[in-house]
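Two complexes come next, and they have one chain in common, chain A, joined by chain B in the first and chain C in the second.
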Partner chain A sequence: MWLKLAGGVLVLVVCSWVGFQLAARCSGRPQHIRQMVSCLGSLKSYITYASMPLHEALMQCTQGIYGPIADFFHHTAELLEGNGGLSPQQAINTVLGDMQGQLMLKQPELEILSILGANLGQMNRQEQGNYLTMIIEQLEKFEGEAARLRDLNTKMYRYLGICGGLAIVILLV
Partner chain B sequence: MLNIQKKESTSLLEKFIFPVLPPHLAAIIRVIPAAQLAYLMEIRLRVNSPLLLVLGSADIMLSAVGHIVNDLDAAYLCTRDDINKILQLISKNSLYAFEQELKMGFLTINGGHRVGLAGQAILDGGEMKALKNISSLNIRMAREIKGCGDKVMPYIISRENRLLSTLLISPPCCGKTTLLRDLIRQISRGNQEFRGQQVGVVDERSEIAACKNGIPTVDLGPRTDVLDGCPKATGMLMLIRSMSPGIVATDELGRAEDVCAVREALNAGVSILASVHGRDIHEVLARPYVGELIQHQYFDRYVVLSDRPKVGTIEKIIDSKKCKILWERE
Partner chain C sequence: MGLDILFKIAGVGILVSVFHTALKQAGKEDMAHLCTLAGFTIVLLWVVQLLGQLFNTVQDVFKLF
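After this line comes the complex of A and B, so read on.
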C-alpha cells in the first residue's frame, strides 16, 4: 500500500515537474527575446555613436541584463577577442552550439542570430545601424508571437502536467 | 649592427605584423632568413597576384612554402580571402570603427605600421564615401632608428637655442617619418648644447607616435604632446592654443589648409618641423599648395632625403633664406 502511494506521489511529482518546465520554457522565450532586443539596441548605439570595436561593444551591451542572454554576448565577445581569426558568424554559431538548452529561443530566433553574425562588423556605421534595426524589428515580431503563445500555453502546460500525472496514477492504481 | 637590425626586424614582425596576417602567410614569411628580413620595407598583397616582399629597393616573390622564386607561376598568389582575413584581423571584425581611415586609403596598426589599401571607390556627390572590394594591401614597416637625425641636428638649431623651421623633403618610402620621429625625440630630450623644448606632434595617420589608446608607443622624448588621429591643419592650431609648444611637428603636408595652418603657426612664433613628398625642392615648388611653402620661404632649412644607396640617405641640407647648401652627400 505504502509502496503504491509513494509511487503514485512520485509519478505525480514528475509529471507536474515536466508540465512546469514546459510552462517555464513558454514564458521564458519572450523574456529572452526581449533581453536580446535590449542588448542589440545597446550594441547598435555602441557601434553607431561610439564606434566601439565589436568585441568591446558586445561586452558592454549587456549592462543591466543577467542570465543566459548576457552570457551569450559575453562568450561571443571573449571568443572574438581571444581568436582574431574567427568571424562574428563563426563565433555566434559556436556560442549558440555551446549554450544549447540554456537559451529559450526557437529556430526562427536562432536563425536570425546566425544571420546577424554574417554582416556584423563588415559595414560602415550607418549601414550597420540599419542592419541592426532590421534584426531588432524582426525579433520584436517574434516576441509578440512568443507572448501570445505564452498566454495561451503556460497554464495549459501546468494543468496538463498535474492532470496527466493524476490520470496515470489513477490508471495504475 | 646587422645583428641588431636582424633581431629588431624579426621582433617587429612577430609582435606587430604576423598577428594581422593569416597563419599560412605568416608561415611563408617566417621561412625567409633573418638577414634578408632585416631589410624588409613592405609586404605587398594583391588579389590573384604574387605575395611580394620589398627588401630595400628590390622586391622578391615567394612560393607557397616560402622559397624565393623568380617564376610567376611558382609564386604564391594572394586570394581575396587573404585580403579579407587581413582586414578582419586588423579591424578586429570592426571595419565600421575605421570608416575615416578607409576613406583616406590606409589603416595604421599597432607599432605605427601603415597598411595602404586600394580597391573600388564608392562616391557620393563626387566625394569619396567609402572603399569596397579592397584588392590590394601594402603593409609598410615603421622603424624607430634612434640617432638617424644626428647629422641633421647641428644644422637646424640656431645660436639662440631655437629650432629653425625645417622641412624634410623626400619621395615616399625614403625614411622621412623615421627621421622626423628621431628629430622630435632629440629636440624634446635636448643635449649638452641644446636645451630640450616642448614639442607638439600632430599625428594625423598615427604613424609618428604609433599611439595606443592615446599614448605613444615609441620614444618621442620627455617634452612631447601628441594629438593623435587629428587632421593636421586643425591639430596644429589646436595644439598651439591648448599646449603652447615651442615646436609643432607633423608629417606629409599636402593640402591647402595645411599650408594655411603652417603660415598661421609660424606667425604665432612657433617653429615647424614637417615633411613633404618630393624628390627635391623644384618638385615641391611645382606642387599645388605646398609649392607656396618654398616660394614664400616659410621654412629656414630643407633636408632632402633619398633611398640611394639606402633608405634614409640625407642628400642635402639647405639654408632656404641664403639659398646655400650647408651640407651635401659626396
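After this line comes the complex of A and C, so read on.
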C-alpha cells in the first residue's frame, strides 16, 4: 500500500516537473529573443558609430545582459579572437552547436543567427547597420509570435504535466 | 471488483475533461478530440472486460452453454 502510494506520488511529481520544465522553456523563448534583439541593437551601434572590431563589439554588446544569450556572444567573440582563421559564420555555428541545450531558441531564430554570421564583417559599416536593422525587425516579429505561443502554451503544458501524471497513476493502480 | 473501477472511470473522465479544456484553450482542437477519444477507448476497454465477466456469470448462473 505505502509502496504504491510512494510510487504514485513519485510519478505525479516527475510528470508535473516535466510539464513545468516545458512551460519554462516555452516562456523563456520570448525573453531570449528580446535579449538577442537588445544585444544586436548594441552591436549595430558599436559597428556603425564606434567602428569597433567585431570581436570587441560582440564582447561589449552584452553589457547589462546575463545568461545564455550573453554567453553566446562572449563565446563567439572569444572564438573570433582566439582563432584567427575562423569566419564569423563558423564561429557562430560552432557556438550554436555547443550551446544547443541552453538557448531556448527555435529553428527560425537559429537560421537567422546563422545567416547573420554569413554577412557579419563582410560589408561596409552602413550595409552592416542596414542588415542588422533588418535582422532585428525579423527577430521582433518572432518575439511577438513567441509571446503569443507562450500565452497559449504555458498553462497547457502545466495542466498536461499534472493531469498526465494523475492519468498514469490512475491507469497503473 | 468493488467500487474501484467506478472511481477509476470517474477519475479518467475528470482528467480527460481537463485535458480537453486545456488543449482547446491552447488552440489544439484536434489534439483535444484525440485525447477525448483515447480516454473513451481506455474506459471502453475496462467496460468491455466487465461486460464479458457479467455474461460469463449469467452463463454460469443459468447454466447456459
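Note that the second predicted complex is superposed on the first by the 173 of 173 C-alpha atoms of A that agree within 3 Å, B and C clash if a C-alpha of one lies under 4 Å from a C-alpha of the other, contacts with A are read in each partner's own complex, and residues count from 1 in each chain.
The definition used in the following text is that a contact is a pair of C-beta atoms (placed from the backbone, for glycine too) under 8 Å apart; a residue touches a chain by one contact, two chains touch by 3 or more.
Please read all numbers here as calculations on a predicted model, not as lab measurements.
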{"item": "Touched partner set for A:M123, first chain B, second chain C, both or neither", "value": "first"}
{"item": "Of chain B and chain C, the chain that contacts the larger number of chain A residues", "value": "B"}
{"item": "Contacts of A:S87 with chain B and chain C, given as first, second, both or neither", "value": "first"}
{"item": "Partner chain in contact with A:L10 - chain B first, chain C second, else both or neither", "value": "neither"}
{"item": "Which of chain B and chain C A:A167 touches, first, second, both or neither", "value": "second"}
{"item": "First (chain B), second (chain C), both or neither touched by A:L54", "value": "first"}
{"item": "Residue ranges of chain B touching chain A (in the complex, touch as defined)", "value": "19, 22-23, 85, 88-89, 91-97, 99, 130"}
{"item": "Touch list for chain A against partner chain C, complex", "value": "152-153, 155-156, 159-160, 163, 166-167, 170-171, 173"}
{"item": "Sites on chain A touched by chain B in the complex", "value": "47, 51-55, 57, 80-81, 84-85, 87-88, 120-125, 128"}
{"item": "Contact set on chain C toward chain A in their complex", "value": "8, 11-12, 15, 18-19, 22-23, 25-28, 42"}
